[in-house]
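Look at the two complexes coming up: chain A is in both, with chain B in one and chain C in the other.
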Partner chain A sequence: MLGRLLGGRMLQYVMLIVVILVLNFMLPRAMPGTPLAFLAGEDVGLMTTEQREEVMAQHGLDRPLPHQFARYMGNLLQGDFGYSFQQRRPITDILMERLPWTLLLAGANLVLTTIIGVLVGAVAAWRRGGRADAGLLATFVFMAAMPSFWIGMILVAVFAAQLGWFPVYGAYSTYAGLTGWERIVDIGRHLVLPLTSLVFISVSSVFFTMRYSMLSVLREDYISMARAKGVPERLVKYRHAMRNALLPVLTIFMLNLGFIFSGAVVIETVFAYPGIGRLLFQAVLTRDYPVLQATFLLITMTVIIANIVADLLYPLFDPRVRVR
Partner chain B sequence: MTAALQVRNLSAEYSTSTGVVRAVHDVSFELRRGETLGLIGESGCGKTTIGQALLNNLEAPGRIAGGQVMLGDIDLLSLSGKALRRTRWDRIAMVPQSAMHALNPVYRVGDQIAEAIELHTSATHQAALARARELLDMVGVDPGRARDYPHQFSGGMRQRVAIAMALSCEPEVLICDEATTGLDVLTEAQVIGALRDMQRAFELSIIMISHDLHMIGRVSDRIAIMYAGRLVEVAPAEDVRTDPRHPYTQGLLSAVPALTAEPQHLEPIPGLVPDLRHLPPGCRFAPRCPFAIDECDHDIPPLIETVPGAQGDRRLVACIRDGDLVGKQSA
Partner chain C sequence: MPKENSRVAEYWELLRANRIAVVGLGLLVFFALLAIVAPFIVPFDPDELVGAPFQRPSSVHLLGTNDVGQDIFSELLVGARVSLLIGLLAAMVSIGVGCVVGLVAGYFGGRIDSALMRLVDMVLVIPFLPLMILLAAYLGPSFWNLILVIGLLTWAQPARIIRSQVLSIKTRGFVEAGRAIGTPVAVILRQHVLPGVIPLALSQFVIAASQSILIEASLSFLGLGDPVTKSWGTILFYAQARGAFLTDAWLWWVVPPGLLITLVVAGFAFSGLALEEVADPKLRSR
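== the complex of A and B ==
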């Protein structure tokens, strides 16, 4: 039954998550230097002995490892990711502040990329070898080959600096005090350039997957059979071909979903967009290890959750994956 | 008695990067009402291309280069668009070689059969589905399995589903393209049994396309033998077995073991099937033919009427030495 299959797979996921939590716990303790240096960074050199001991005790670092692990797990379960000495704030607060922006940017990108990639990919495949197909193929190869920071900089230079149509950086106007509809428009205007850059660099993978998948489906006997049966061309394309060609795209979609928090690092940095990606970049620059550790954990867990969702969704789309 | 299907001068070709390949060349034959006509030949001789061309369903890079496929007084090859969609499957349908690939993997088989019915009649989905279940029952599949997906069926059961799908609009003509190839002998016998039952129930005229001489010999009333894109002989099945006229047919028979006979020496046909891009100028079989004379290389021998065999039915052969060779063939 479905339950047993999923049960077995879920057990694998639980084991995987345990391993990841242990690794994430061991990471700072396996690094050279004391865990204190990991927590407080370069400030450690400025601390007195008493201060050091106080911080160590405060974080339970003077207790045996099993105690430390229990404390770490307890904190995580309560949603406590630790404390950033750099920003002098709890990491959970920092993450919660950043999450919505990345979800907005990367989420919109995921939706747009999938829709555009699927439709344009299908059209290219239906017109295989024609002018439209050749043109689209060249365009998407060009887009795929473009470095993401470069396209971001070009867009900023042209549409923000030269034409002044869109803001140069950020996710909203900081001191404008906008509310209601005006605030939504403001956020939208800030979203246009980073979103465009992101779609620009990520739409090709969906396009190529869809085009290839559609081409191989169109060669299948059941397509020829559908035509023989008297199915009109439009239904052959949408009912018989599209449905099958979408299956590999679902895989790409789920992969992209897993990388929703880490896929926009470069673009968020170029546009100073206050999301998880930029947080990660800043944490690397300032050696804010606790923030890095928390962000990595978040990204890893997202990948695993996306995999679990994919496992649950696949049987709905492909009957062959269902267990009799 | 009029023919169920009349094929006249059918030619089909493929555009390839190295030029146009004519896979079917000037093929004419008739399918009589209620009979089973076997179409036999080696791989690549154009059998499957004929099957698709008869439905006017040849996919690019394939193309029909000429000829007529007359269903009554309608030339199927002259139809296109809506008229073609309406006639096809309604009057002429096909059981494909591998139903595994011919059934859409993401839809239930009942819905796939019902789809054809809905497209050709005014039936509601419920009525069409009910009819699909009846059809499945007729070909020996539990009607409850209409809700199953193609991958849940065994090979033989899948072929039965394909037969049910082909019969969904009660056609007059059924083309079976290697419909039992790849099945084990028992399953093959069952599928052929189901086809025979359906032939009686629906008064079908059937074209059986295969490379399996034994199977074709058992199920066919008449047999058409194909070589390198052309028909070389058309004769009653029994005459083909006992009194083959064309040297290729003779070679084919002596290359296949008989199940009932004593252990015998099998004689392979020497040489290879010609490349369709570099055909000999005259008879295509001449380079491999033990009876070939110089004249065989001059002109393509036409498929013409010859002396009837023991069955008394008319038979055709495309060999200029036909007259000299009667009674001289290797036994």
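== the complex of A and C ==
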């Protein structure tokens, strides 16, 4: 039964991957005008018709669409994301350079967000209806209502420009030539403000999920049963309620991978943090379409993989799914 | 229809008793009024160069001037229109699609349902900001492109919620009875299913509006907004591009637009939460 269930889900993901690939392939080709401007960055206006045809042939754009698609897929499967005509080097190299920074920022955010959201969400649920619950609820709604880039700008204005506690932008001091421990401290100092803004905007989704899930668990019979048996309240909270309430958090944790990447786009832009998100933004600014596409593909694939992993992990944590 | 009236009265009582709702609706009324009267009360035309650039706040320019000498206070007032309008229209697209998909999937069930829900699952997985950036970059920034892109990528969650509501309405006696005596599907949907869905759809609409305003702000901040009409996100885009947050100007150029976005989004979110509680008795605390 589980196999069939997963089979259906997997088929769905495969379909999604195909849709994304086809979208990526078709977008530059479906735009009005020649796809040359999108795919090769050539200044079409300055070229003669023969020159244009020659470049088209070079890029295989004179072939029928199925041929072009096969070529596109072939390149992708070999890890070749194409060539950035703005930076004049292979996109794969650029991505590899950017990836560690986004992983550092998004990874740290994921850990902090989950811990804070789970703990505060559980507290709010235990005090449902009380002052603390209402206060926390209002606070988190406001936090979720703030534009992420604005939080970033305010943090920079206060803690970097006015107080000078942290660097204004970047992920490390470029020309300081720091090594060893000093370099780690330097990277840490650069991380504080972007990480804070990112946690600020993404923590509320975990909080709301945990609070809601905790509320529904607390209404279950086995909680009343445990209390009736005289199990100490602390134990009821931590062992019975919290463990079971964590399940939806696992789902949101995996889903957050995707939203955190997209949240990081804006934050990385504010802080000129050299990650994947800023690459996406730079590609938009310079109309570097191949880079735009590759970045989008990378982000989407990461999200899909995160979802697949979540689906595979779920039965390990929830025996009810396993039995079914 | 006395029954309908008493239901409306009951909703209204619940809303009034709910402090979150009062705050949320209060904020929304304030911003709606602001958006309506903005063109009549602005001290300057926000598109005209009315003073020296980078001025500090003064009695003439309450929030100073921007990098080209436009009055920031006037920009903010008129920006309320743009942000609200884009938010509401995008939410209409989102909820319109969500309602149709949710109703069809929930009511007809079977293959149609599972196909539509597959689609919903797929849309939910796609990280929407990168996709929006990709689409906005290709389609070019414009008012209607923004609305369509936001609306067409955010309908999945409301569709799912409305579908589950339809499923629960369907099992109630009167729908079954209607079907048994051969009432046409359109009539059942309009008379029995839709009234049960509307409160939920309304709360989803309000939540979608809050998300749309936030997304519009992000896209505009990334330079993908409508270049003709200036929203609050666009103002922040220029503030960022000119490094306003590195000088004292952050106080009057960066803080106010962000604060307004936060208040409007929170107003919608609070109203949505309250409406959700009204629409779904399970969520009521007492």
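One rule holds in what follows: the second predicted complex is superposed on the first by the 286 of 324 C-alpha atoms of A that agree within 3 Å, B and C clash if a C-alpha of one lies under 4 Å from a C-alpha of the other, contacts with A are read in each partner's own complex, and residues count from 1 in each chain.
We adopt the following convention: a contact is a pair of C-beta atoms (placed from the backbone, for glycine too) under 8 Å apart; a residue touches a chain by one contact, two chains touch by 3 or more.
Predicted, not measured: the structure shown is a model, and the values here were computed from it.
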| item | value |
| --- | --- |
| Clash or fit, chain B versus chain C on superposed chain A | fit |
| Contacts of A:Leu285 with chain B and chain C, given as first, second, both or neither | second |
| Chain A: partner with more touched residues, chain B or chain C | C |
| Which of chain B and chain C A:Arg227 touches, first, second, both or neither | first |
| First (chain B), second (chain C), both or neither touched by A:Val19 | second |
| First (chain B), second (chain C), both or neither touched by A:Ala57 | neither |
| Touching partner for A:Val303 - first (chain B), second (chain C), both, neither | second |
| Contacts of A:Ala70 with chain B and chain C, given as first, second, both or neither | neither |
| First, second, both or neither for A:Ala138, with chain B first and chain C second | second |
| Apex chain A: angle to the C-alpha centres of chain B and chain C, given in degrees as a multiple of 10 | 70 |
| Touched partner set for A:Ile184, first chain B, second chain C, both or neither | neither |
| Touching partner for A:Leu316 - first (chain B), second (chain C), both, neither | neither |
| CA minimum distance (chain B, chain C), superposed complexes, angstrom | 7 |
| Overlap of chain C and chain B interfaces on chain A (superposed complexes) | none |
| Chain A-touching residues of chain C, taken from the complex the two chains share | 19-20, 118, 121-122, 125-131, 133-134, 137-138, 210, 214, 217-218, 221-224, 233, 236, 239-240, 245-247, 250, 254-255, 257-258, 261-263, 265-266, 269-270, 273, 285-286 |
| Touching residues on chain A, where the partner in the complex is chain C | 12-13, 15-16, 19-20, 27-28, 31, 38, 128-129, 134, 137-138, 141-142, 144-150, 153-154, 156-157, 161, 168, 258-259, 261-263, 265-266, 269-270, 280-281, 284-285, 287, 289, 292-293, 295-296, 299-300, 303-304, 307 |
| Touching residues on chain B, where the partner in the complex is chain A | 52, 55, 57, 59, 85-86, 88-90, 93-94, 96, 98, 101-106, 115-116, 119-120, 149, 151-152, 165 |
| Of all residues in chain A, those that touch chain B in their complex | 220-222, 224-232, 240, 243-244, 317-320, 324 |
